[in-house]
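Notes follow once the structure below has been shown.
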């Protein structure tokens, strides 16, 4: 079986495995207070051109989302997000588990717009029963989104200024950030993210690491006591150096960008192949997730050889599926898939 | 600096690193639904002689404690534990974050006794304001405890039967379980734990793994939907195979027992050395944590070469410290420490 | 100003005020363990033909909803409800504050249907990522709904049997239950509610009492330790007798039915008047809340004399508003409003 | 049976009942936005000499404590309080239900001292594992305490300055505040409380009202959005005017002081009687709760005629009990009890 169902089917970049092996018997302090974490944080601050940013390393995305959101909001506040956003749809209520209602906004492509945010907040403020409703306190977006789409710099600037106008935190879930930064036509950069958001994270789990998300906090208030909050949420890894080491490796010599670019190149190749084969897409994705709408008969054949995710059922004879490439995808597998799609 | 302050200063057993390397580019399903997790779970069930146990793998101890406790209790219930218990003292309120008050019982050696549990529950039941107090719903103990002490089989049987009498779950935190099973004079076994508890876990983080705790659930009600609860708490590792692979390795050919035994042998050597040097102990520990009471003048000298944890200040001129050995401790370092203690 | 904006603008039935006055200096036990609560609970059990039901008295609806829902669900479960349901829309996230995500279903009239529930649960069960989503554990409906609509006995039976089929609790919010039972064409009764639901409540705040909701629990599991849960949620009134006394009065000699009928008679009179005046309704409500769509010019005139709630803005020149009658509404005020609507 | 077990066995001051009756059919806005609440808040601000204070009315103490504490603290913080404090001992974990661990300090008389607070915070700050422990974020004290004892102005000033030094909120639970202000030898006043605390409340439930606690917030940050937090916690009374009306009545013409003084006078009479009868006290209480240590044989006789609370069992033949007086206590009942104690 060749796996295309997600971008976390393999282990980690060989560079990471090599360094894990080399440093294995080294003794270090625990809980992220080691030299690998310090070095990785420094590199991230430099790449973000944000010398005062606080950088923390957590194991996974759901944990990171819940920790950041509960750290930022007062009890009666909730995060605005796309109805398809990961925190709303696929985290088994991890944000609600911290006491905060997620406030979903309609979205067809995974993105939300500045105007939607403004409209929601204005409506809230002018509703006579406003105190009987959860107060929006944050905007949560994913970049890229669940549908593979990305925000332009102009879009993020507009969202950021809307957030500032209404006193909302802006939080960007970057579980697949590498693929967003490397996407065709992308103009957002790490310094943009550091400048425009209050907090965002750089995904490792899906972009070359065994696991790990690097949280970058630029908002002063949010930096306070963040390590307590990580611990309280069960996210403080005893051997924190494992996280530091992985991000230190990814952030050295452009490895993170290089492997992200690999995934994008193969995704674009796959996309072109699907187009040539005559199949439409549910979403226009310039990133590593592609969502073709395929005939069920074809899928039945493909499923003997390839795994993929089922995304929807637009009609009785077609299915929208997701194919993912990643840092680890082998070109020969993409070629084989394209050939089978065209056959 | 030679580290003795805790048992998680190194990476993992070479066997684990080797297998991580070998399997790195293999593609597997995510979220613990891979063959490594299945194999590791099978081995654990066999070692526990508990063919129907549910086995789940989580990343760390605090996360595991909060997930298990919130899975088991109704909202008005709390876990009874030693006042020194990890959930009460060192998890930044992670259990309270799930809405449950921890109910501490006095303890001087890290253990609690069946009689204390019975007395607490009886007092609760007979208090006229019982509904105004948190109802005990579980007993949480650590084996070994925070002070390195262990429970005998007879003690655990008495606690288990007390729990059954009062309708309390029994949960054993086994973050250092290997060292407890391998301790001098220990008579508790994995099958005993599976038979006597409702749920316990086998620690990996401190016993040979990079990270990971294997939760063994024997109580039918607690098994229901446990994976939802892991996900809700941010504990479902995308590349779950990393956990499966580590426990599969540890549970093969007696590796877990062997490396635990190594730590115990060196701990007993250190203990004998401390005794010979004439220093007393704060707790009688047969496991890998040793708690000597040392003169501050000596500690000042030692601290230039060794790191250790400070545990208390019995008087103005002495300090209780903790030295830990582990699967990774080198005998030459123990020898050096003993020599310096005697010097 | 004549108030029609809600059904809690006055105090309580004169019978209640009289009895409060008479019994004021009587000494009783606290926390609902008094003879008034016992008597009221008995009367409710008889009216429900449910001799084993547990009956508890809480102060308000939001508190009752959060207490019941968090008492019933495991942490990874959530209540299904209409998107317009009170717990989803107007409780400032009180259910999420207990850790549970509310799962909204589309609704245009405030009701949800058995088929929607079945479809949602089937989709959840068959989604490959089901463990990454909140599990439906309860159905929450209001009777009457936020839009004044009511369920028929056949509808509730179908919902109840769907709940049983899928292992969901059925919880009916009866904040305005009196008006639902007394509505034109209503065929649901208290014994039906007791028979078909796991838990429901009989609203006092909006139906003749100063405050108070009477929770009727027929499900055995839910009865356990419910008083602890009330206390934990801050809902145990020290002078609980105030609740018992009010419900005892309302449940004596058909007072609750009689005052509910008064509100319905005036609501139907108002409804007929609005129809005669030629205005349409946003919802077909047979209960005490009426939702006409009125020209803004007319509303500007009315607002000088009457207060009402704004419900929506169907177009630039019209507004949907809510007029409520209650046990306390004076017929002359309804007559005046009708006259002004026709003028 | 003559009730002395608590101070909430009767209804309310006749003045309150009269005003409830008079205003019963008046129409007002809901949720505390009525003229009674506005007037009561104004009177409280004047009595506190705190023109900018925010004043809110909640129904009961447990609800108030949980709402205030969760409004004030970030998730990793907890309130310091006496081990006997109401939030620690008798609220079924209502504070933990909001995610915050209560941090108990030892106390033999219900009070905590400034030095204890400073010592705890210093120890926390200097512990190398400080981020693994809940951070103290508030001091919670009761005035009077659970044991009837009171703070002097000097003591409260010292606590307040300690709180400011360490960045802790100071919150005073005044469920029995009237009796504390009226106690023999008391020098604390409402303006002192407003000046020294960040938030405190004036108890109504136990001091003349049917129910209700008036929260006075002087800290600017805590005032923000407090009504959302009340609603989220299920504490926003639909007919909020009931609370406003009661406090408006209590705060008019010195009624609150007068009825508090009545309770104190009778408590002191009872105390003198107990002393004359030769019985010792467990606590030196100048307020309305008295805690004599009585022979069990005597108690058996008394219990046929009087109800009281059992507080402890100092030895096999004696019991510490609590007798309470209140605004409603009749002098003839105190006289009868004294006579029976002396008999």
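Residue numbering begins at 1 within each chain, and the chains themselves are lettered A, B, C and D in the order written.
To be clear about the criterion, contacts are C-beta pairs under 8 Å (C-beta built on N, C-alpha and C of every residue); 3 or more make two chains touch, one makes a residue touch a chain.
This structure is a prediction, so every number in the text was calculated from the model and none was measured.
*Asks:* Specify the chain most distant from chain B by Cα centroid.
*Replies:* Relative to chain B, the chain whose C-alpha centre sits farthest away is C.
*Asks:* Which angle of rotation, from 0 to 180°, maps the CA atoms of chain B onto the equivalent atoms of chain C, to the nearest 5?
*Replies:* In short, 180 degrees.
*Asks:* Give, as an integer number of Å, the spacing between the C-alpha centres of chain C and chain B.
*Replies:* Taking the mean C-alpha position of each chain, the two centres sit 49 Å apart.
*Asks:* For chain A versus chain B, what separation do you get between their C-alpha means, in angstrom?
*Replies:* Comparing mean C-alpha positions, chain B is 33 Å from chain A.
*Asks:* Please report how many Å separate the Cα centroid of chain A from that of chain C, as a whole number.
*Replies:* One centre to the other, that is 42 Å.
*Asks:* Hey, what residues on chain C touch two or more of the other chains?
*Replies:* Within chain C, residues 75-76, 91-93, 97-99, 131-132, 135, 228, 231-232, 236 contact more than one other chain.
*Asks:* Under the definition above, what is the set of chain B residues touching chain C in their complex?
*Replies:* Residues 31, 70-71, 74-76, 98-99, 131-132, 134-135, 225, 227-229, 231-232, 236 of chain B touch chain C in their complex.
*Asks:* If you look only at chain D, which of its residues touch chain B in the complex?
*Replies:* Its residues touching chain B are 75-76, 78, 89-93, 96-102, 128-129, 131-135, 309-310.
*Asks:* Using the touch definition up top, name the residues of chain C that touch chain D in the complex.
*Replies:* Per the touch definition, chain C meets chain D at residues 1-3, 6, 8-12, 14, 17, 20-21, 23-30, 59-67, 91-94, 97-98, 205-206, 210-211, 228, 231-239, 242, 328.
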